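Paired with chain B in one complex and with chain C in the other, chain A is shared by the two complexes that follow.
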Partner chain A sequence: MIKKNKLRYLGTVFFFLAPAFFVYFLFNVYGVAMTFYYSTLKWTGIGTSMQPIGIQNFLRLLNDPMIWHSLKNNLILVIVSISVQLPLGLTLALLLNSKIRGTKFLRTVYFMPMLLSTVATGILWSLFYDPNFGLLNFFLERVGLASLKSGWLGSEKTAMTAVLITICWQYTPLYMILMKAGLTNIPEELYESARIDGATGGKSFWYITLPLMADTIKISAVLSLVGSLKYFDLTYVMTGGGPNGATELMATYMYKKGFVEFNMGYGSAIAAFMFLVALLITSIVQYSTRRRSS
Partner chain B sequence: MDIVKRILLYLLAAFFLVLMGYPFIFVLFTSFKTPMEYMVNVWAFPKTIAFENYEKVLQPYFLRYFLNSIIASSSTVAIVILIASMASYAFARMRFRWSNILFIVFVAGMMIPVHTTLIPIYVLINRIGLFDTLPGLIGPYTSFSLPVAIFIMTGFFKEVPRELEEAALMDGCSHWIIFRKIMFPLSTPAIATVGIYNFLHTWNEFIYALVLINSPSRKTLPLGIREFYGMESVNIPGVITALLVGSLPVLLFYFLAQERVINGLVSGAVKG
Partner chain C sequence: MKRWLGLVLVAASILVPAMGGGKAESKPVEKQKISLWHIRVDKAMGPVIAECVDRFMKDNPNVEVENVGNENDPYKTKLKVAMGSGNPPDVFHSWGGGWLEAFVKEGLVGDITADLDKDGWRNMYFPAYLDMIKFNGKNYGVPSEMSFVLVFYNKDIYNKLGLKVPTTWSEFIHNVQTIKKAGYIPIAEGNKSKWPGALTFIYLSLRIGGYDVFQNAYQRVPGYTFEDPSFIKAGKIIQELVDMGAYPEGLNGINYDTGGSRMLIYTEKASMIIQTAGFIPSAKTEAPEFYQKKLGFFPFPMVEGGKGDPSDIVGGVNAYSISSKTKYRDAAVKLLKYISDKTYGQMMADRADRLSPVFGVQLKTPVQQEMFKIASTAKHVQIYYDQFLPPELGELHKDTTQALFGKTMTPEEAAKKMEAKAKEIFGK
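Now for the complex of A and B:
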């Protein structure tokens, strides 16, 4: 009797969990596992033969300057995201928290870039950077700096910066809202007693705001890190990784190898590499910040 | 001193207002301009309100992208809410072996860069005959949405006081009835968060749609907008209008339910 009840109970558990598990295993778990399997194959794609070649794809990967170049671009993206978007987000949050009028309206507008799809943002900014009819060159000409006009996305020197500016424009609002929520949690009394003790704006920022925002800042940094390592959409839309690989990221490079050059085996090796890099870096960050906070 | 500080704050606020907001004004103005007018002066106020761009964009094929996006996003959200809340109920309220480990397996999905599964999923969708169909998109979208959804909902379910259910259990109600009549109706805030976050994500999703969809009649809005950009790249006002029209539903929704949208997007992102 007890056993029968227990079985029924397990049946109910199964009923609740099975649909989600089925879908999650079919795509997420299977996907990650097969990426590693495909990465050991010489394989051009569906309908062609698969040849197991062991770790040859990985040996090729280690000697492929382009993968290191894309990894470097990903790391630049990580650094720029953390060092530009977070401080800007905090600045905006402090602005929204300050005693000026119209903060509600300001927040409404400041958040808007987050709502556009990445494709829409990418095309819009490509049009801003357009060498002939772009807003940026038009502006430079009007303010008398015509000599600075350039084909921003077409030049190896400026393409990465142009893409980075766009990414910062798109994601800063997210950090603004996170920081704003963090600021709201700081009790007002702390600032008041600091004021009584004679701490001015700058001091209370260093000794109250920043330390109490540590958790929020950490969450934001991890978020930005994870996002930056897998970044794809905007670079793909704006430059396709070009010119001459200047804006190539690991994800765009994987796409190129797998779906443009039809080398699914090598593409999977890049995907596996991406997976390992992301895993490694996030674990290091999680581990080191956890140890420090405890 | 205080006056100076105030003025500086307003200046800073105005600067960011232009930086974040001007692109949207620019989009709105440009959508009413003819290509000629645009080329003569990129940022001038439109001389007349011309609707020819809108006529060009609002064609059956573009509306089709809309419809496809609506189908893909709303199906994904509906399935995710149903199966994620069921799984979350089991994690929050039922005791079974390995429940913690299974939960971690799900939540670990949030740390995995989903792009690493691009090639296997492309192959899988081809093999099961769903390539170039909307269900072939909805499957992976659902899967990618599950970790965040389960994380948020399990957290929420655990906070719900147990008294109501305990009474129901005493009365001999099954777990399914408790889930359907008590838990699910009580968790509208979590459902709204999950729903908004996932809807916006699938609405804007690009890379999987790029790989899994081929026919123009099955393309979602991001693909469609990009296609429009490819075909009409010299007609900048036309492209801008397509961007605006494609983003309009999300923007309108934002103006109607700002708090909800911001909350949904941000808490989804933090947990994800």
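Now for the complex of A and C:
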């Protein structure tokens, strides 16, 4: 009887999971599998003529300095995202959680960047950075720092930094909201008893807030990590990966090879490479943080 | 059991109507639906296309045309995806050249040679422009606009500084220096999308090396390469201009397509721009006062000691082709006529100052006549490299040129990269 019940239970589970699994399979698993298949082809992406060429695309990939350069840019993005967006998000969340006046207003203001579409954000910031009509250079000139004026997005030296700032601006609110949700889950009694025991603001942050936020922070870090590794949109809108590849990310490079240069086979190889890199790094992070918490 | 039955019933009630929906009977009288994709979204040209499409639908009441305008750069991706996914537009825009040829090679573009031979349709167009959309002796499209590059300038600034229209490169450099001293940006260059800067590079190598050097390098004629001294010299001149301060700060981040460099001209911060004739209709609608009173142009100056014919122009064609997979081939072919014929050409000239490669269009203004003179006396038309070359090589050409403007690559390195890629692609 017990066995029969269990079977029935499993059947129900499967039944409810099936639709989601179907969608997941169709749009994720199938897509990933096809990417790996396409990466073994010489294919323009527009016609039906496909030649299987084995691992040649991957050999070419390993010798392509541009992919390593893009990977480096992606890793910079990962580091900057985690080290800037998360702490900043947490700070803002703490600020919103405190009992200062006008938190509701501030919450709306801080969340605003998340509400704009990426293209709008990209164009807005491009205008901000515009060397001739932009606010930034105008401001620098007015405060007497005209020597610092630059072409920002047009110069290989500053383009990456300029884009990174925009990405942080766009994504910090997301982590702010996640952190805020995490903070709300910490029972107020803990702080109260800590206060009775004499814990000051700093101490209660280190010994209560931070440990209890560990899970939220971990989730945020993984989200940020994966997001950064496959990031595409703002660089595409603001610089198109340029100038001269200065802001090229793996995803923009894949787009360029696959869709602009009619080389879908190679583009798929880049996509497969991205998948492997993201999988590897995420697994390492997951594994190492799991060990620590147990 | 009951629970199971319930679930199955719920599932069935969701799935069954969804499956049946697709089989609904269509109406007996079938209207032929064809789609037209183009990139004429500016305020002067957009309505011209729309009106020609309306004219077509009036003459062919059984056909309905879906008229889709696109931005220039995203269009390339959009068409490629549509073609690749087997859902192409029936009639579409292209620039001829290597880009279109990539689609032709995959058998995705309709061969219209026989249609052009019928009723002398072919004779409507300037042969040189019709040939730009011809591959292996077959026609794959009709030319609807001539496009070529000129140097546009602000007449006011020229007058104020007492400058003359330059015919030689040293006169041009003299003007650049005078303009710079007077506190203006000499040349408004918005090179984010890479092709605007490439125009200057192509002109310089055309003037220095002559028409044949590029053609021979492309056809891998022995003795000719993309490392020809003329390409290197062109790169050097560009970097000299950069050093001179001829361009705005951060030019590689300024986007021509979204108006960045045009703004510099309209606001009179900059005095010249090297651009395609498409700049004229943009100026006409975006800055009408500037267009009427201050806009002048001259052909790209000759370079002293260069082998190129000073009458040669860098240009290209805007063409329309049909998909080989179109369901209504007759209607699509007919539509080609409506968006490239004399009526279209006349409307385009009258309203946007754009020239059509069709015989018999009347040019009413001095601007149009002057442009036509430059276009019709040119010995050669050098097609934009990025549209002429196979896509991978064309992209590299744009990338290296952008790096030349950014001074992060030497002209020698750029030429070397081009030659190496050409060897890889052509196999010799």
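Quick note on the criterion: the second predicted complex is superposed on the first by the 266 of 294 C-alpha atoms of A that agree within 3 Å, B and C clash if a C-alpha of one lies under 4 Å from a C-alpha of the other, contacts with A are read in each partner's own complex, and residues count from 1 in each chain.
As a convention for this text, a residue touches a chain if its C-beta (ideal position, glycine included) is under 8 Å from a C-beta of that chain, and two chains touch if they have at least 3 such contacts.
As the structure is a computational prediction, the values presented were derived from the model and not from experiment.
If you put the two complexes together on chain A, you find that chain B and chain C bump into each other. Shared-chain residue A:282: touches chain B; no touch with chain C.
When the shared chain is aligned, no partner comes close enough to touch A:185: not chain B, not chain C. When chain B and chain C are set side by side, the one touching more residues of chain A is B.
Look at A:159: by the touch rule set out above, it reaches chain C but stays clear of chain B. Contact with both chain B and chain C is seen for A:133 once the two complexes are overlaid on the shared chain. Once the two complexes are overlaid on the shared chain, A:24 sits against chain B while remaining clear of chain C.
Look at A:237: by the touch rule set out above, it reaches chain B but stays clear of chain C.
Within the superposed three-chain model, A:46 lies in touch with chain B and with chain C [touch as defined at top]. Look at A:151: by the touch rule set out above, it reaches chain C but stays clear of chain B. Legend: residue contacts after superposition of the two complexes on their common chain; A:262 is shown touching chain C, with no touch to chain B. Annotation: chain B segment clashing with chain C after superposition, chosen from 63-71, 171-179 or 243-251, is 171-179.
Annotation: chain A residues 15, 46, 123, 130, 133, 259, 264 touch chain B in one complex and chain C in the other.
The part of chain A that touches chain C in the complex is made up of residues 15, 44-49, 123, 126, 129-133, 149-156, 159, 239-240, 242-245, 256, 259-264. In the complex of the two chains, the chain C residues touching chain A come out as 7, 76-77, 80-81, 83-84, 102-103, 105-108, 185, 191-194, 248-255, 258, 260, 263-264, 269, 391-392, 395, 399, 402-403, 406, 408-409. On the side of chain B, the complex with chain A involves touching residues 6, 9-10, 12-13, 16-17, 19-21, 23-24, 26-27, 38-39, 42-43, 79, 82-84, 86-87, 89-90, 94, 96, 102, 105-106, 109, 111-124, 126-127, 139-140, 142-144, 146-147, 150, 174-176, 179, 200, 203-204, 206-207, 211, 221-223, 225-226, 229, 236, 239-240, 243, 246-247, 250-251, 254-255, 258, 261-262, 265-266, 269-270.
Contact residues on chain A toward chain B in their complex (touch as defined above): 9-10, 12-13, 15-17, 19-21, 23-24, 26-35, 38, 46, 91-92, 95, 98, 100, 102, 106, 108-120, 123-124, 127-128, 130, 133-135, 138-139, 169, 173-174, 177-178, 181, 219, 223, 226, 229-230, 232-233, 236-237, 251, 254-255, 258-259, 264, 267-268, 271-272, 274-275, 278-279, 282.
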